[in-house]
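Two complexes follow with chain A in common, the first pairing it with chain B and the second with chain C.
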Partner chain A sequence: MADKGYLPKEKIKEFVEALGKDAAVYAPCLEGDTIIFRQYTADKEISLDRPANTPPKGAIYPQCETLLSFEFKKDAATPQKMDVELKANTDFPKAVVFGGRPCDAKGFTVIDRVFVNTDTADPYYKKRRENTTIITKCCNSPYAGCFCVGVGGGPASREGSDVVMTEVDGGYYLEAVTEKGKAVMSLSMIQDGSSYEAKAKQANEKATGAVRNPFPADARISPELFDSGDFWGRVVDKCVSCGACTFLCPTCYCFNITDEQAITTGERIRSWDSCMFQHFTLETSGHNPRPAKYKRFRNRVGHKFSYYPEKYDGAIACTGCGRCIRYCPVSVDISEIVGYLKDPKADPKQWAADKKDAKN
Partner chain B sequence: MSTQKLKEIIKQVLPDVETVICWQEGYDKLNVTPIFITSPEQVDQVVWNPLCAQNLASYLPSQKKKVAVAVKGCDSRTIVQYMQEGLIDRNNVVIIGIPCKGTVSKKKVQKAIGNEPVEEVTFTDGSIKVKTPSGEKTLALADVCPTKCTSCQFPTPIVYDQLTADAIKSDKPPESVYADVAELEGKTLEERKAYFASQFDKCIRCYACRNACPMCVCQDSCIAETRDPHWITQKNSLDEKVMFHMIHALHLAGRCVECGECERVCPMEIPVAKLKKKINKEMKDLFDYTPGVNPEDKPPMYTFNVDEAKIKEHKL
Partner chain C sequence: MTGNENPYLPELVTVMKVIDETPNIKSFQVVFNDTEKMKNFKFEPGQVGQLSVFGVGESTFVINSPPTRMDYLQFSVMKAGEVTTALHGIYEGDVIGVRAPLGNWFPYQDMKGKNILFVGGGIGLAPLRTLILYMLDNRADYKDITIIYGSRTPPDLCYKDDLKEWEERSDVNLILTVDNEFPGWEKRTGFVPTVLKEEAPKSDNTIAITCGPPIMIKFVLQGLAELKFPEENIITTLEARMKCGIGLCGRCNLGHKYICKDGPVFSLKQLKELPSDE
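Now for the complex of A and B:
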């Protein structure tokens, strides 16, 4: 099997439909002005024009999934006894994530470290992940907010992808990155791609050079500034504490588990949660260790740029996709905030709560 | 011109207040973002242009001390409504009013320029010029403004302490306000159902629309996500999404000041304000009440008359 190929643009639909023969294909679909990853069906219109509003995260890690269903049953012979019957399903079909961007594909690798590469792997995520082939579209140029290069990725990064495609001459140059990816290359509409390789490389380099790099990836976060409530207060005062930044993030993986019961039957469901919500850390006693907005925001930044890297050999839990910037109701820019934290001249005094007093 | 005046006013009021809430340039030229000014050096960062679409009045109820806030005509309705509902102390707010000729929807601009990165933005009277790597594009403001600006009745703030420019009058007919609702009403029930289903199906329950809404006062106690009691399931089925939007809309009945924040902030580009406008229109017909225009008014849902002029329940 070849690991290089070429797919003319007009064959995209045919390609996706061929992939869909034995797998559920998740693709960026246009609905009104919104691009959303949906399970592809023939009535949908795929759009690769810009990164989708949502990342493809939900294809492997759904916003809401049933972990198990339960039913309470009375035993006819001994009516005082109640049995509970449990059912769990991890028998997921094969799937393909088609048309995500390199930052989206890399997002899965961030979640893998927590959900798969551990001795207590999550069976739901793990099974879906194993069953999924990821075919990624490299970016021609960055979009508002993008900073993948600043966190060690790039618009042509291969990390997390099985196949990457680069736009060249009325079609896409395809390159298999993994064995799973090589299997895709045998589909009949894929032509020989070797003559496009050089052009694709050029396009990749051009795009990479155009992405902003807001901070040196290896610069350390100033612990003094990170601990300064005044700093966080100032950079976060405009935040409205919604879930847009976390629900649109390809790497956020926090969840909540609830039992949804109706008399004798019910389901235990897992749904995405957000550290930006006040309820996230609300304890049964009523105590909340992160009652203030700035403490929640600090957790989001800290998790991605400090706690996670400490635990996983320096890997950053942000792929720079820019969605949290692009879609934030009040244009909070995480790269600007991390930029302050990584500034070698960072000084908490500059952020004193009342600058009027500080100046005096 | 009025930007200069705005900066002057801010410098003048700053010593008397804790913070002045205004706009500054955001992460790129097509974005502005709020600035909370506490020192005179920050005043230079202030911007005022049609990108300043965000309703800054929403921050007022959470402010503990005396603050000043820059508001457009539409934003001032939020303040009026807060006054009606006792959510702010007027003595603790200095209102810097900006007569406004219309804002810009960045989503519409982005679409018009093919989502290219923005290098430069300039405004001339009635148009916006955007520079991208592939060239320059000039767009008429009327083509890229949010829906609310097409029928704006209050270009000059209703309440203010200072104005940055001479007051201007609306040139839009009052009937235009509910033109989009009338269009929806012209559709059959089935068509409307299908329309809302296709829109709300895109919702990710991020609650940006709720948290950005100046009149959503429950916020962290919203029944859509309280955990104890666990009123509503966390499932992301269409029914649950619609349920959340119905709650938001009904809680805004006769309170929605039509600022359009819910719609502006929705990352999934759902026309979330439509339902609320429809209810507002009903409230107007029923109680002859428009939210956020007269500080002396009492919101209809805050009171009741034994005999309502247009409700016939006692005369069965």
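Now for the complex of A and C:
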């Protein structure tokens, strides 16, 4: 099987429909003026024009999913006894994530370290991940808020992808990164791509040079920088704890587990949760280790730029996709905050004052 | 590890006995419905389990029976929220779910040949109980065993049968206290940290293990520091809101450590090296 190819733009629909023959294809679909990852059906319009508003995270890690179902059962012979029957969900159909960006694909690798590469792997995520092929579109130019190169990624990064596509001459140059990706290259609408390789390389280099890097040295934050509650208080003063940053993040994976029951049957459901919510850590006794907004925000930044790197050989749990910056209703900018913490000349206590001066 | 391929899938257990410990704490003795599972089940003192009431949810509790007594697993539950209230409505013979064992355990092997000081408050005696009973079942391995335990009032003392037995044993020094004077109570009164100060146990060759309400732990840790206990010889076991119990759901972290998986047992030395939410 070839590991390089070319797909003309007008064949995209045909390509996606061919992928969809034996798999659910998740693609960025235009809905009004937003682009959302949805399971593709013929009535939907795919848009690769800009990064989608949502990451494709939900294709492998659904926002809500059934972990197991239970049924209360009675045996006529022992009417005083109620038995319970449990059944784990094992339905993980083949899937394709089409048209995500390198930051989106890398997001899955961040979750993999936690959910797959552990002695207590999450079987739901793991099996879906194994059954999913990721076809990623490289970025031609950075989008507002993007900073992938600052966190070890790039607009043409292959990390987490099975196939990467680069826009060239009215179509896409395709390159298989994995064996799973090579299988895709055998589809009939894929043409010979060898003449586009040099052009694609050039386009990727140009795009890489254009992305801003807010942390030129290293994005990792040392724990000592976490002490100033005063600094964090000022930073998140305007945060409304809405959780949009976490729900739109390709790497955020915190979840809740709840039971739903109707008469004698029910389900145990896992849903995305957000560390920005006050009740996330609230204990029944009323005790809450992170009752204040700044403590929750500090933990979120800490998890991505300090705790996660501490645990996973320096890897940053942020892919620089910029969504939390673009869609924050009060414009909290994580790259600005981490950048400020990284600048040794910066006095965190002065942060809010400096910001005010800059705006005036 | 649960021994299950799916760490979210509980084992079904039958509640064999329900014990009213205090006005708001019940203990549940459970056995696996699968007799092979019961026979092969292994855990270490201090490890926890997730109890499931199907249709209501799961909560985390320490296995407070010791691994040396495997007729059943015992969990104690204070009625406080949704799951604990549902558990208080469970009768003998009912089927619930258990995911266990989870988390780490008390480093009891390193405690051999040492004096042991237990300091507990309220339901905080539960995790200490598993270790106390384990040590009593291996009594020769340990030197002096001192237990300082208190609750608000005498009826709030947990495991009254155990307390009675420990009080009668000559190889256990049990000091009981309640917060205030109480009709019929002839033993000590005063908060646990105050009693610790008054007793002033020696820190030489001694490991201190404490569990109780957060405010008690805070002052007990201060008291132990004043008694010159080195930080690595002070062990505690923590609680937090938990969902998965396997280090994935993200809510019980202290920096990069997860209480459910890397804990719940930590030495004071380890805790001081982690970032605090304070």
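List of remarks:
Convention: the second predicted complex is superposed on the first by the 338 of 360 C-alpha atoms of A that agree within 3 Å, B and C clash if a C-alpha of one lies under 4 Å from a C-alpha of the other, contacts with A are read in each partner's own complex, and residues count from 1 in each chain.
Keep this in mind: contacts are C-beta pairs under 8 Å (C-beta built on N, C-alpha and C of every residue); 3 or more make two chains touch, one makes a residue touch a chain.
None of these values were measured; they are calculated from a predicted model.
Aligning the shared chain A places chain B and chain C next to each other free of steric conflict. When the shared chain is aligned, chain B comes close enough to touch A:F247, but chain C does not. Residue contacts after overlaying the shared chain place A:T178 against neither chain B nor chain C. Using the contact criterion defined above for the overlaid structures, shared-chain residue A:N131 touches neither chain B nor chain C, since it reaches no partner. Of the two partner chains placed by superposition, chain B and chain C are both touched by A:N256.
In the superposition on chain A, A:G266 makes contact with chain C only, while chain B stays out of contact range. Shared-chain residue A:L282: touches chain B and chain C both. Contacts of A:N140 after superposition: neither chain B nor chain C is touched. Figure note: vertex chain A, arms to chain B and chain C, all at CA centres after fitting on chain A; angle 100 degrees, rounded to a multiple of 10. Of all C-alpha pairs spanning chain B and chain C in the superposed arrangement, the closest lie 7 Å apart. Residues 256, 258, 260, 282, 284 of chain A contact both chain B in one complex and chain C in the other. Of all residues in chain A, only 67-68, 70, 72, 80-84, 86, 88, 114-115, 118-123, 223, 226, 253-261, 266, 268, 270, 273, 275, 280-285, 287, 289-290, 295, 299, 302-303, 306-308, 310-311 touch chain C in the complex they form.
Chain A makes touch with chain B in their complex at residues 31-34, 36, 49-50, 53-54, 63-64, 141-145, 210, 234, 237-238, 240-244, 247-248, 256, 258, 260, 269, 271, 274, 277-279, 282, 284, 323, 325, 327, 329-333, 335-336, 354-356, 359.
Per the touch definition, chain C reaches chain A in the complex via residues 1, 5-10, 12, 54-58, 80-81, 84, 93-95, 97, 214, 239-241, 243-244, 246-253, 255-256, 261, 275, 277.
Within the complex formed with chain A, the chain B residues making contact are 26-28, 30-34, 36, 38-39, 41, 54, 58-59, 107, 110-111, 114-118, 133, 198-199, 202, 204-208, 210-212, 219-220, 225-228, 230, 233-236, 261, 264-265, 267-270.
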